[in-house]
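Supplied in structure tokens, the structure appears directly below.
Which chain is which? They are A, B, C and D, in the order written, and residues in each are numbered from 1.
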Amino acid sequence: MALLEVKDLSMHYWTRKGEVKAVDEVGFSLEKGESLGLVGESGCGKTSMALTLLKLLPENAKILKGHIFFYKEFQPQTANALLGEMVNLVPQKANGRASTLGRLTRIEGEKLLVQPARNGATKAPSPVSFSFSEIAQVGLDLVPLREERMQRVRWKGISMIFQAAMNSWNPVYRVGDQILEAMQTHLPKTSVQQSKKRIAELFQMVGLDPRMMERYPHEYSGGMKQRAVIAMALSCDPELIIADEPTTALDVIVQDKILREMRQIQKQLHMSMIYISHDIAVIAEVSEKIGVMYGGKLVELADTQTIFERPAHPYTKALMSSFPNLKGEKKKLEALPGEPPDLISPPTGCRFHPRCPYATEVCKEKDPVLEVRQPGQVAACWNPLH
Amino acid sequence: MSNPEQTNPVIIETDRSTSLVRIQNLSKTFPVASGFFRKGNSFIHAVDDISFEVGEGEILGLIGESGCGKTTTGKLLVKLETPTSGQVFLKNTHVEVKLPKQKAGVAKATSAKTKAISLVTSDGFADIAHLRGRSLKLFRRNVQMIFQDPYESLNPRMTIYDICAEPLSVQSIGSLMEREARVAELMDLVGLTPPETFLFRYPHELSGGQRQRVAIARAMILNPSFIVADEPTSMLDVSIRTGVMNLMLELREKFKISYLYITHDLAVARYMCDRIAVMYLGKIVEMGQTEDIIQNPQHPYTRALISAVPIPDPSVRRQPMELKGGVTKPINPKPRCRFYERCPMATQRCATSDHPPLEDKGSGHSVACYEV
Amino acid sequence: MQVTTKTLPPSLWRVRMHLWLKGMGQSWSTFRESPIGVTGLVIIVFFGLLGAFYPIYPWFMGKIAWDQETIQKEGIDLNIVYNPIFGVGNDPLLIKGFPQPPSLRHPLGTNADGPDVLAQIMYSASREFLLGMMAALITVIIGTFIGAVAAYYGGWIDTLFMRLADVFVLFPPIAFLVVVSALVQRAGIEMTHMLLALILGLLFGFGSITIVLKSQALTIKVKPYIEAARVAGGSSFHIIFAHIIPNILPLSFLYMMFNVTTAIFSEAALSFFGLLPSINMSWGLMLFRAHTQGWILGHQGAFYWWVWMPPGLAVTLLCSAFYLVGRGLDEIVNPRLRKR
Amino acid sequence: MAKYILKRLFQIILTLWIYLTIVFLLLYLQPGDITSFFINNRTPPEVREQIKAQFGLNKPIWEQYTNVMTNFVTLNLGVSFKEYPRPVWDIVTERMPRTALLFVTAAIISFCFGFILGRLIGWRRGAALEYVSTVSGVFLWTVFTPWFALLMIWLFAFNFQWFPLKGFIDQNLWPGVQQVADVSCDLTGGTNCANFVFNHILLTALVVTLILGAAFIISRFFAEQRTRWLINGSALAITVIGVFNYWSNSIGDVKVGGIFATRPLSMMDLAGDILYHMILPIITLTLISFAGTMLLTRNTMLESLREDYIMAARAKGLPDKAVRDRHAARNALLPVATYFVIGLALSVDGSIFIEKIFTWKGMGWTLLSSATDQDYPVIIGALVFTGIFALFAHLAADVLYALLDPRIRYD
């Protein structure tokens, strides 16, 4: 059952130098309880991707197109809350109807009325009606969602572990109070005492002394801050956690511990995770599926096992072979020539073609799209490795 | 110049006749500014009584977590810091020490001085601690450093040419024309081609990998024999990193340069280094041939470190080793094994005895542990 | 590498010139994006022109409006040459007709004892400019140098200058200047523009600017490129002058703008209090005379705006202008303030 | 924190020592000996000798230095030339509270005003709003203060006649007042009575501030928003009732009504007269100084908005207002609060302008008039006092900073 579906998502931002095509036509989906790793070099748009999912964008950034569907099982009593929003209705499997994207305009008795998007047609399509029993899942489209409504999705639906976890604590408040603040915003009915009890439990879960709640961030070490950030990300029982370089600033032993704890908590709570890292080794440890990003595009997406055994995209292969290995034979690493693309004026056609050893004429002209290479593996390449 | 009459210092027994740098009992402590009036009570023992050698054309890797003293060691070697005690000997170093003005008691003064400083050993090594003025400047030509952060190690207000030519100009080497030619030659060498397109650009116009190449060019321009590389690739992207590492290996082949390669990444160390020394809280706990250490680590800390490195291969399942607690700071450390608190195999002896000495366990593999 | 030539090869020299111009061009195009800075610059240029054109204005007006004949036609019997700055003296008979409201002969009217207000404003403008620039330059040179040296060496040099800076920050500057000018007067020293600029420069140069520039220099001092320069064999002198100072110069320049504001303001204030008898004409003095002679809050409520509005506005606008330019520069120097 | 304060205290004493040394050097390097600053033609010979002995004249410079420094530190500052034989210290203690009340009130108002506005323009960087507020802010901040004050007087007091032109009290009202409580007034100016009433205003303001401040701090210990409101609200109510009660009954009554008054005057009338005279100076001061706070707050807001914890706060789904006020503004407050307290220390500067124009006889007025009248003992006394006052303000700023920033508390 899908939890998150990203479709054709583009996000650009505007700087002094020009338009940065940070996320360009990216699409993937994530099942409930699944963990996905996004890997890529700095400036490939992976952090922009994470911020776009939460719509935490600066003023100069804009989502140009695409959808981010955040799915929930359909429950008639909560249907009212979705009134007026863009939704993707997924009917029951047995039903045979296609899923419908549109604005939820009315609820009539046991029926939902959806006004599909115009999609370039001159005439507005007629509203589609679904009965309650037909609907399996409702996907709320986060892209057109208003800011106030989006605030309710953040942390309760999707929470995040930041790249700079060290700095994501406000230095003037106690750590416990900062977690409490999030809980009071999203769970206003829970009393302060109950919330504090819950925070103490979470602290224990991530291996921190619950008494540390009353301390200020500067009294924490780097690893402790990171653990507390994980506790905070868990505090509102989100369905999805995005972890952006969760262990980059940490030493290898602490990194290893924290990664193991995160994986364990994810299994235990049956949560979905998106890990983002430049380190393919870290990603391989924690995720079931890996997406490789290059120059603002998703170039390959496959199961972890598949991607390591049979990478389809030349970049994926280059990325893995440029990592020195601790185990196995020591061999000379092949350096990838050139520099990562400038996202203001990316190369035409395939963005990897100036550095690609397999590039042909077509790569310079036409942009490849994601195609299925084998079950559980898609890649965007004109000359895939298999 | 050298003074052969002076007493030789104690030299570690070694069959390595080609060593270039010898470190003996090197220590560096920093005072901890704890209180206003209580300054001077507490010290961080950043580097504590370490000894090693780097051979000619050899790459020695210095491995450890942040705060273990590896960067301080690097800075001691290039004389950015002055050691609290111990010596750094470098081959082919010219020491010119002005002897104190001698009046009547000539003999007395010299004997006092020779006891204090043994300038150059018989096999041409000299302690860099005594370098001053001109001899220090000459030493600077011999030893260079490459820094971790390519974004901070180049002055943003200088052009690439100025940055690369700075060592030449402060050392007053060559005419302006010659400097320009030399810089262009170096740019070519580090793969910034064609040089003309790079010479008069500012660092912010270059990517991280290109900047690090500029930093390498600057370090290479004086033809040094020894380079301390402090995590030169840790800030670089994967695809760029390999190029820089390969460049450094090529330069070693070409010019027989020795490196002290400081890194926290064991995989990188394995790729780059001939030998590895593992540091923990200011002490070297294990040292030996790279493959030896990676395949057959002896010290519990090294074992934990190696077992914690994630493997970019989902089919390999690691057996992580549990360590208690976290890294502390070596402030006034107790006289026992530094690793005692976290060690899974600590015994009574580890707690009561001093920090174990670095002992050779055969074939140049030394470990500092009582229980190995 | 045996031959050493002292001169820069022409190619290198030209490249550097080109780079410098390009850098200036870039700075200018960034600066131009800040409407605040541009506003300030326009005002500064305006006052600069006022000051620069001062000698032309009385010469021209003397030809067409202030000659003996025209003045006598107005019914004022003048046997002396009309001085647009110092008026006609304080003969009660002569100053009967003043202050005159703005007219074609006096675009901004005249003061109570006859001088032309616009001429006074123009005359003072160049002096205010000079004073402000001089004082700010002294301030910035002291601040930059001390800041760099204190940050680089640390230790007792740092402690000494920082405690000294604490003291200078402590002084309420205007109160201190009031006292100093009283003491200078007592000592019988003539307080000229140059002396005042020196006092202002010293007063502010050892003060907060050293603290700011030192902390900036400290952030530079710990950069690896300083260590790289040391490893290359660079002396302390080389590091301070080739690395630290060039990197704090933009901030120094920014503070120079703010200090021009302070200097002009201080001079106007002291003149307004009548504490600078040696400076015989300035905007502050114009306001002082208007106030003490009762042209502001007196004379049956009549509004002699041309007597006291122009000097007050001139001080305010010029101070604001330098401050605005400073703010505009701040957005260039301090990228954290730029638009996201 | 105690360690931090102690360290700062030590530094401050060191600073004071350097400051006083500089003052000494200023005097010593002048022509004539140092006692000439404390003696003029009107000084009787025996006092002259006494002062000379006090400063240890004819002794070596080192001893003169220690003598002068001792006199400074013990606030033994000599006798005024102009208001002979009033001791300088007496003049300072009379004038200082007047400046303090005026400036603290104005500073608090302009701080609140400037902080709220700066927070708004830092948060929403709209082109037009930002430009207008910055330019007008800079105009007010750099406006030539005396000219602006004259403009305000001309407009509101001279033209509209809403406020008195100048001064501390209404000369027509007070001569009829013969006695306030147990203080008798001289019939000419009512200075004693005015001082008495004024000091009670100051005292009341101080007590009110302390009570409200204590209530605010106590309320911080409770997590529930309603409890906080309850505590603060009840404290406010108590003080309002208490102040009213105190002024209407407790201090005792004025004996005789003013000669122009239609009914017997009460203490409240007299206090009202003083407060009425304060309004225009306070408005002027607020307008001049709020812009500084506003511009600084805007900058610190912009900086704190770039911090990662702001992104984290937004990611937590907090409403914009909470992100702005609880996170961005709370951190932006740190430098602004320091600036506020240090600004108080420099208020003597502003007081020179405002008190001169409004003839409000406080410290600034005293300093300026003694400078023009060459009343050197008062000048030096005011300078020494200003230094000490400024130092305590710096110490207060440090304490405030330590209270606001937990990172310092635990150092």
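The rule we apply is simple: contacts are C-beta pairs under 8 Å (C-beta built on N, C-alpha and C of every residue); 3 or more make two chains touch, one makes a residue touch a chain.
Owing to the predicted nature of the structure, the values given are computational and were not obtained by experimental measurement.
Asks: Chain by chain, through touching neighbours only, how many steps does the shortest route from chain B to chain C take?
Replies: The least step count works out to 1.
Asks: Once you count every C-beta pair in contact for both, which comes out on top, A-B or A-D?
Replies: A-B
Asks: So how far apart, in whole Å, are chain A and chain B when each is placed at the average of its C-alpha atoms?
Replies: 41
Asks: At what distance in angstrom does the C-alpha mean of chain D lie from that of chain A?
Replies: That gives a centre separation of 55 Å.
Asks: Could you list the positions in chain A whose residues touch two or more of the other chains?
Replies: 59
Asks: Residues of chain D that contact two or more other chains, please.
Replies: Answer for chain D, listing residues that touch two or more other chains: 125.
Asks: Using the touch definition from the top, list the residues of chain D that touch chain A in their complex.
Replies: Residue list for chain D touching chain A: 125, 223-224, 307-309, 311-320, 322, 326-327, 330-331, 334, 404-407, 410.
Asks: Considering the complex alone, what residue numbers of chain B touch chain A?
Replies: Residues in contact with chain A: 65-66, 207-210, 237-243, 245-246, 264-268, 270-271, 291, 294, 304-316, 320, 323, 326-327.
Asks: With touch defined as at the start, can you tell me which chain A residues reach chain D in the complex?
Replies: My answer: residues 54, 56, 59, 147-148, 151-156, 159-160, 162, 164, 167-173, 181-182, 185-186, 192, 216, 218-219, 232.
Asks: Spell out the residues on chain B that touch chain C in their complex, using ranges where they run on.
Replies: 75, 78, 80, 136-137, 140-141, 143-145, 147-149, 152-157, 159, 163, 166-167, 170-171, 173-178, 180, 182, 200, 215, 218, 222
Asks: Enumerate the contact residues on chain D facing chain C in the complex.
Replies: My answer: residues 11, 14-15, 18-19, 22, 26, 30-31, 125, 131, 134-135, 138-139, 141-148, 150-151, 153-154, 158-159, 165, 295, 299, 302-303, 306, 342, 345-349, 352-353, 356, 364, 367-368, 371-372, 374, 376, 379, 382-383, 386-387, 390-391, 394.
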